[in-house]
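Just passing along the structure, written as structure tokens.
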């Protein structure tokens, strides 16, 4: 059944068919929903994705390995560092390359900074979708500081192109760690507490989010959810801890899990709160990484022309939106034979499709925001 | 000037940050409107695929005169990084007329501010008679505006 | 338990349906007969000692003479990723759907159908996911050719500046 | 206004027969002045709101047009004038064109009874409150018309939401006003103001516990009535694009826009008149205030200042609170507000009877409630002071330690 048939069928029936998007203020990026609604109550919200399908996977097949790193930035523009990281991990696994310790630490520092930045947008835009505009801009304010830091680090505000196969592109600039420490002192616990006072504990927000679109643990696993969405459902699964990569085994951190903070397990408020808790864990990781940062090289000796042997590898990192994996098939040439990008938003979007029935129109917006969707990650 | 909240990709974040605390677009009296009817300028920030291009065209037709388009970022200008892709439109000027092109991938907030101020300058220098003449056929014959989604 | 041991177990259980461990590089895989993919996945998911509850991805691979579909599975208890593959005919690739086993597969299969033209039999809603519905061809196949126009929009553009 | 017409006649020595014309003239001028005041207020408030919002969000806000950007609203207005007045192809054309007017009229007509000071009032209707509630119902009709005629589902949803919400909240609104009417014994706005005194303990808010409750009831319901956050569902940007005015552009949108901000003043003015002592100056009898131009001006300034405080609070609320869901909104109205209003009326009657018997009790209650109100205000101030302090170290949630 194609879209036209769905439209015709719904128009003939008792239900109202709403076309939500692609230009709709709350759809994060361009996502379109065909909402079958009976008044305010949704009977089905059919997502129509692909408005941002840029064929990155096809481009990869014609690009040399090193030249593809800038493209990975655009897979998830809110958390571009993770895409860098996952891709270089996949290539390094294929090459069997050992990355210097210092480079690993720099990667982790960059990653965790990016995680904070991404979660800030996630929780802020959730508040915005519920109607409070101010917390979002407070998030943006903190994010600007992180943007400054990444600009110092790699010259980019959004799209970093920081990691290289076998290391990172440049070492820390002077004064970077001091500024990062300054930011952390301000951010955790100061900003997080302020944010919680402003919006996290707001009774209206709690009422809007608690018990809304509850996803149980079994359901979450079945739908392939990952990252904070999965953890909010009570499944303690974090690639950083469970399938360790980079220098995460050296660092101590907790994995916050949803436990029905104000409602039932796995509801929208849990997803919101898990992200806030994760931000403070990221700050903790950053502090440790600054402490332990070793001296040494930042770049392993990688061949100038990267030509990995034929084979397959899967480089996965725990991105801000869950498991981000690059499945790489090489035939021994200069370009990959196939690159498949597995993203968290893709499965989250499917979960939204499944969970939307029975929600109210306003709940769909909450569900969408709480799942933290980024359109290009779905479409690639 | 009120801008339309429509940004497909990466540049959306920079657009938000431009409206945010550091480079405050509200200083120039620019706020976003969610509906194309009330917006004066459509900022197309990001990659436009063929699937989306029809929507961009529709949104442009839904806007009321006088209307302006800003192509933000190299993807919107010419396809940018994704020129080689099979599904990306190579520049939005193939579907809608563009007033200002802002380079960058994504452009910095300062660049976007500059672009908007340039647009303002451009509007100040416009010949009103010519615009009225250009609008004439539309007012007479054609149906005004399409339905919104 | 590492990947090799799991492949071993699978071979013991389905001796004629699961192949030897193949592939080079860090990630090895086993080939499963296309008609057996459902039972193998059910076994992987439901066996207590394995517990592969997470379908990470489904990916098509175009090898020019054949199309492969790869299934990446993660076990929460064993903390390991395994890769299963089926080999399909290049002209008319068809395989049974697994969307009733892992509901996450629903969209992954739609995506694979969209980009590779792999037909998943029994899929409840096999439509194009990413590309417009009237798109011609499956772009991630190696023999895909771009059309000059899509809905009167040119797909190519004259260079703005001469190449210097 | 009749007083002024009389004075003018005597001053100009116009024969008695022309009284009607002079009256019409005076009313016309007054209407113009009131409308200009309303429009000016709406415009400046829209700028002011943007500045306040910007401050709350650590931004600057419009500051380019005029000193501190105060003329920004004028720019936006002119821009809207020049924009194409677009009617969608499939819209119900006459209805679509007509819809903004009821909204605008509904809001502007409230200026008939809203006083500015002791004698400057359009018409001191003896059913002023009833008139207010009745005339603002026009707004619902306009919004519903706009929602329906645009022939778009978003506007329809916005219109229906708005209608449901406004019709529902009119009931607690009226009930809370009745609570006040019981002790005052009048429905006229001027009468209510005269009943109150200048000093805070003579205000109707602190008259009795019931009026105290009614004040909050009224304030909340008025927010809902005026589609302000946390009740701005009809124009919920993230849900319904822009609600009922999605399809409007140019001048017609401007009407909605103006109505929205004028409504701010109307809410502030009603709250001030009914609960906060209106134009009364502490320690001055209202009869004296009616006579002297200077005292009238002072009264007007006081009135405006009080209204502005209320407007300010509304703006703060708008930029802090998220919005409710439609079912929660309805539940709140019918399950809590209406019963509270009903009970308050009954209790208010009993209390009035009691106070008539024991006058001292009334005085004690007033002062007690004033202290309570002061405490609430102090708590609010503490919260505000907190916003100016640096980041806190104490976690908000206990389990976050």
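Order as written gives the chain letters A, B, C and D; numbering starts at 1 within each chain.
FYI, a residue touches a chain if its C-beta (ideal position, glycine included) is under 8 Å from a C-beta of that chain, and two chains touch if they have at least 3 such contacts.
Here the structure is a predicted model, which is why all the values come from computation and not from measurement.
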* Steps needed, at fewest, to go from subunit B to subunit C via touching chains -> 1
* Just how far, in Å, is the C-alpha centre of subunit D from the one of subunit A? -> 44
* Would you kindly tell me how far, in whole Å, the mean C-alpha position of subunit D lies from that of subunit B? => 37
* Averaging only over C-alpha atoms, locate the centres of subunit A and subunit C and give their separation in whole Å. => 23
* Structure fact -> Per the C-alpha means, the centres of subunit C and subunit D lie apart by a whole-Å value of 61
* Mind pulling the subunit C residues that touch 2 or more other chains? -> 131-132, 139
* Touching two or more other chains - residues of subunit B -> 20-21, 34, 51, 86-87, 149
* Interface hub residues of subunit D, defined as touching at least two other chains -> 57-59, 154, 237, 241
* To do: So, with touch as defined above, which chain pairs make the list?
  => A-B, A-C, A-D, B-C, B-D
* State the interface residues of subunit B toward subunit D in the complex, per the touch definition above. => 1-2, 20-21, 24, 26-29, 31, 33-35, 37-38, 40, 64-66, 135, 143-149
* **subunit B residues touching subunit A - in the complex, by the definition given at the top** => 4-6, 8-10, 12-14, 16-17, 20-22, 34, 36, 46-47, 49, 51-52, 55, 59, 81-82, 84-88, 105-106, 108, 149
* Asked: Of all residues in subunit D, which touch subunit B in the complex?
  -> 50, 54, 57-65, 69, 72, 75-76, 79, 82-90, 151-152, 154, 237, 241-242, 245-250, 253
* To do: Spell out the residues on subunit D that touch subunit A in their complex, using ranges where they run on.
  => 53, 56-59, 153-154, 157, 229-230, 232-233, 236-241, 319-328, 390-397, 399-400
* Structure fact -> Within their complex, subunit A touches subunit B through residues 19-25, 29-30, 50-56, 58-59, 62, 70-71, 74, 77-78, 121, 137, 140-141, 143-144, 147, 157-159, 375-376
